[in-house]
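A short worksheet on the structure shown next.
Just so it is clear, A, B, C, D, E and F label the chains in written order, and each chain counts residues from 1 on its own.
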Amino acid sequence: MIHVKTSVTRPSADVVRRLAKFSSATIHEAQGRRGALSSRIKPIDRSMHFCGPAVTVRCAPQDNLMLQVAIHYATAGDVVLVSAGEFGEAGTFGDVLGNAMAAKGIAAMVTDSGVRDTADLIELGLPVFSANVAIRGTVKETLGPINHPLVIGGEIVYPGDILRGDADGIVVVRRDEAEEVIALAQARVDAEDEQIRRYRAGGTTIELCNLTDKLKAKGLLVED
Amino acid sequence: MIHVKTSVTRPSADVVRRLAKFSSATIHEAQGRRGALSSRIKPIDRSMHFCGPAVTVRCAPQDNLMLQVAIHYATAGDVVLVSAGEFGEAGTFGDVLGNAMAAKGIAAMVTDSGVRDTADLIELGLPVFSANVAIRGTVKETLGPINHPLVIGGEIVYPGDILRGDADGIVVVRRDEAEEVIALAQARVDAEDEQIRRYRAGGTTIELCNLTDKLKAKGLLVED
Amino acid sequence: MIHVKTSVTRPSADVVRRLAKFSSATIHEAQGRRGALSSRIKPIDRSMHFCGPAVTVRCAPQDNLMLQVAIHYATAGDVVLVSAGEFGEAGTFGDVLGNAMAAKGIAAMVTDSGVRDTADLIELGLPVFSANVAIRGTVKETLGPINHPLVIGGEIVYPGDILRGDADGIVVVRRDEAEEVIALAQARVDAEDEQIRRYRAGGTTIELCNLTDKLKAKGLLVED
Amino acid sequence: MIHVKTSVTRPSADVVRRLAKFSSATIHEAQGRRGALSSRIKPIDRSMHFCGPAVTVRCAPQDNLMLQVAIHYATAGDVVLVSAGEFGEAGTFGDVLGNAMAAKGIAAMVTDSGVRDTADLIELGLPVFSANVAIRGTVKETLGPINHPLVIGGEIVYPGDILRGDADGIVVVRRDEAEEVIALAQARVDAEDEQIRRYRAGGTTIELCNLTDKLKAKGLLVED
Amino acid sequence: MIHVKTSVTRPSADVVRRLAKFSSATIHEAQGRRGALSSRIKPIDRSMHFCGPAVTVRCAPQDNLMLQVAIHYATAGDVVLVSAGEFGEAGTFGDVLGNAMAAKGIAAMVTDSGVRDTADLIELGLPVFSANVAIRGTVKETLGPINHPLVIGGEIVYPGDILRGDADGIVVVRRDEAEEVIALAQARVDAEDEQIRRYRAGGTTIELCNLTDKLKAKGLLVED
Amino acid sequence: MIHVKTSVTRPSADVVRRLAKFSSATIHEAQGRRGALSSRIKPIDRSMHFCGPAVTVRCAPQDNLMLQVAIHYATAGDVVLVSAGEFGEAGTFGDVLGNAMAAKGIAAMVTDSGVRDTADLIELGLPVFSANVAIRGTVKETLGPINHPLVIGGEIVYPGDILRGDADGIVVVRRDEAEEVIALAQARVDAEDEQIRRYRAGGTTIELCNLTDKLKAKGLLVED
């Protein structure tokens, strides 16, 4: 088996930049409520956000050898996405590799395991999303695949898919669907802005969510 | 079955205002260590706090139809309390409905499921307490009861009960016990302030917690 | 059985001060990846950190009698370490006892159960690390051991062991190994600073982690 | 506060006997999908089942004093229902109290904590439902309410409510709704038997679940 | 979007029959330690096992509409694989649909949610694997995809992939890899039988696992 | 660091045989409610039980190299006790190593991770206790300590300590306390047998648990 696939077809920088204007929740809705990674994966500081193509890595639990390898093959703007078997009780990533990533212009680090040196990482400014903060160290022993399709957080991610993360979580967009998603997301934002404007002007949920007929059809009983 | 009961007997604004001076933990103790909802339900920003009467809502998991309906029937100062089966992997609530609530002067939104658009909600200033932050969307399909007694976070809440939430969590106070709880809470705060004053003056736990006789009765053995 | 052992052999203040310069993760690595408590125990505010000798306490779940006793026997600079059976749904500790600790100059409070009055505790400035924030009260009924060896967070801690906590978690150092750990931690920090300097200068992980031979030996396959 | 209410209005033995013919799931459905306790509470052997009126008990975590008291006040046919704060790491109940219950003709023991001596309890033949099996012992220190309304497993149970448990879990039926539930449960069993008969005769789900119009209305798209 | 794809390319009955001779663990190892679904999904009785092609279904949490639809389109020998968002507190499946499946000769039912009527299902003899046993009912409201790729238990399953389940759990085999996996599994069984024979004859792990050189290379230190 | 300590001081076979007459719960109580391992570690079949001295092993998560080594150094009657970081999603142990153990007369296998081949292991008759059943394979890469003190299931176990396991769980007894524990356990069994005899003869809990004075002192209020 090939472990490392170095060739990844990435989206254009322009697509990434335009997709980055939308929140993870808006993108998730725009593409038909698909692509949300498990909510267990959170930013270590809620001001963190990112958008970029995925470099996918599978590590053994409590072993970050392949993460070290992946940083070598990642390029500026990439999001390094590491599944380590949902084992949270290990700091798969810390400030030394954080500096290695920042120096290369990596867009973000995402993992279903733990990270450490969080104070330094926050100061460094690299967006880091993880399922835990933990100080236990990792070994560097086990080979695994880089840039193969990766199941993480209950979703499948292909190398070059676009990941968007913010305070609410992370969503994955297939590369060839990105343009369509951008258009749908913009339409959704416009519609939501209009909804918010109407609520501020005194609109009600019954009216703005078009509930009257729906509730009647379902047989809602209201007691005055 | 009636789904929506529109008539809720609410406490007076004065009672709510006076109860709001005490922390959730103080109120919980003052009423005999009762009424604390599960600690899984937390504010999305720890500076958030609220006090107000409960409007109770039961949604199906990953379905927020009845929340939309409940906002219609809630009034200024109400706390909208939504149980959705403890299903955390869905954003039952976000910034559009947040604006609908804020426009009506709703006091807070509380749920045992997830919420999203947290950055916008924090900026909006609406207190939001939830068991999770998650971006997965919800359907609007299933009827459920509004303003019926609701079990949430391991406690039962009746419509019009007063909910008090802060950084530590949420406590429920029966409407007709509120005056008594206020008096007991004030007494407790006074006693605690006095305890703190004494500790700062050099008092010891053995002395201030009246432990000497108690420990003797229980047979504590100390080795010098 | 003796419940309270009052005699604890503590490390010197100088050792504590020198150990406090290193992060929990660095110390954990320096002593051979040992001593990390479970990541479930976190600071209630991530700016909190501490270093000091352990006073160990075992409470029954939802019962803080022995914590009250332990504060009496603790001295300035001590870390009060409380296991209460990993029961999180109780506020074992709050601002009144927090003031009692602060008045005595206690260095930190650590527990595998919950705490409350977190806003007041953060304002008080006492470092508090816990597995949960919860408002439910505790009884004061059950005797238990103070300053006996204590298993907490999956590690064993002996009275007088040095605990170091920060945003990443907590690590325990045996008192008689502290000098060696300080030396190893300093060496590790120096090596990491050098690594970071090299990454910033353009070094790669393959090179700086010495991966070339290792990956070859393990049979890594790369597809260009 | 009164701790023990000795007066419980129980359903008739006849109602209990007739309700006992239906499974927990059938009863739950028959009463409108209400009353199911959390699925964390399971029989210690899946052949166990019971039906009877609730005697409700609240214990402190890892403390079974009030269970000892409750057995005294329970009568033949009762189900002793014990909430101990969802603390599973304690054997709140074992074979000695099991024999005390069996000798009195108690119908079942149910708890959201743990039990122990399971081999002996299975041999004894007393139905025991719990959230865990655990060997840690309990203290006998803390008073709590008996025969007050009790929230357990996310549902509220009033003393004298009827509990029905089997391999699938436990459901609570309000005493004054029992006759209606029995009728609805019988109708449901009859309808399900007929459905099963039709499936065995070759019926399809589209036909027997009346899906054709429903799926059309919802816009199901099928690709041949 | 097409909801239901009716056309599934299934493996031959002969391939399924030959694969069924191997345990889930053996198959998982034979294909390079891939394809194991999360261990949360277990048989409701440990004697249950199955092998067959996947029909994939996505339901909303607490909603089994699409399961009803899927049974219609499934054929004899199929394994119906239902993801319902990992929501365990609902009985997505029970004995009525169990009879519908058994009547059609369905090979097994697998879900990441709950099931009920387990006593009847065990008597029926249909293999049922689930993440929970729960009695709460489901609505029938929400459309979702049938026979699209499905992420379940942390693995991706394509319609027509072969699922093998037994007491240890479930593994998925890609249809076009099945022949190779069968060959590798047979080789593994032969090797393991030989290992077991040697252990029974007095062989040691150091010898039979070829540990001598490996441990020397890693620097194992043994103290006599 | 020495990895493997081969010299373990074991209890006499006679002590093990006499201790084996008591249940895990009885032993736990007899030694003052100490020594119970976490209830997450269960037998794979509830008829399994064992008693014997501990051989302690620390593995990396999803890595069973040191277990292979430990079997080599274990002797007939030993209990092999393996902590692998509480990582459950891996089958650390299966039927091949099970046969290796059985051939050597090992008394039991205990781990805080997962095991597989459970049907074969049950047939083999080797007592196996684990935190999970899982099919994912393990690597054999990482060195770790054998016969050093081991924290597992929240307790510390020293090599040569006696472990007793049954359907309720596992308890550890210090080797030099075993004789005293046996005496105390026998006294407890005798007292419990007498209690059970009295309950069967109609005794009440108030009487047999000596509750009258205790409840009066605590202020129990009973409403007739």
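One rule holds in what follows: contacts are C-beta pairs under 8 Å (C-beta built on N, C-alpha and C of every residue); 3 or more make two chains touch, one makes a residue touch a chain.
Keep in mind that this is a model prediction, so the values were computed, not measured.
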| item | value |
| --- | --- |
| Any chain in contact with chain B as well as chain F | A, C, D, E |
| Matching chain pair for C-D (criterion: over half of the contact pairs shared, by residue number), options E-F, A-C or B-E | B-E |
| Separation of mean Cα positions, chain B and chain A [Å, integer] | 31 |
| Distance between the centres, which are taken as Cα means, of chain D and chain B, whole angstrom | 29 |
| Centre-of-Cα separation between chain F and chain A, whole angstrom | 42 |
| Junction residues of chain F - those touching two or more other chains | 1, 86, 89, 136 |
| Set of all touching chain pairs, with the criterion as stated earlier | A-B, A-C, A-E, A-F, B-C, B-D, B-E, C-D, C-F, D-E, D-F, E-F |
| Parts of chain C lying in touch with chain F, wherever the complex brings them together | 1, 32, 86, 149, 151, 154-156 |
| Chain D - residues contacting chain F, complex | 1-7, 65, 68-69, 71-72, 88-89, 91, 94-97, 99-100, 103, 114, 116-119, 132-137, 140, 143 |
| Residues of chain F that touch chain D when the two form their complex | 23-25, 28-29, 33, 36, 38-39, 42, 46, 166-169, 171, 192, 195-196, 199-200, 202-206, 208-209, 211, 214-215, 218-224 |
| Complex contact set, residues of chain E against chain B | 60-63, 85-87, 89-90, 136, 139, 141-142 |
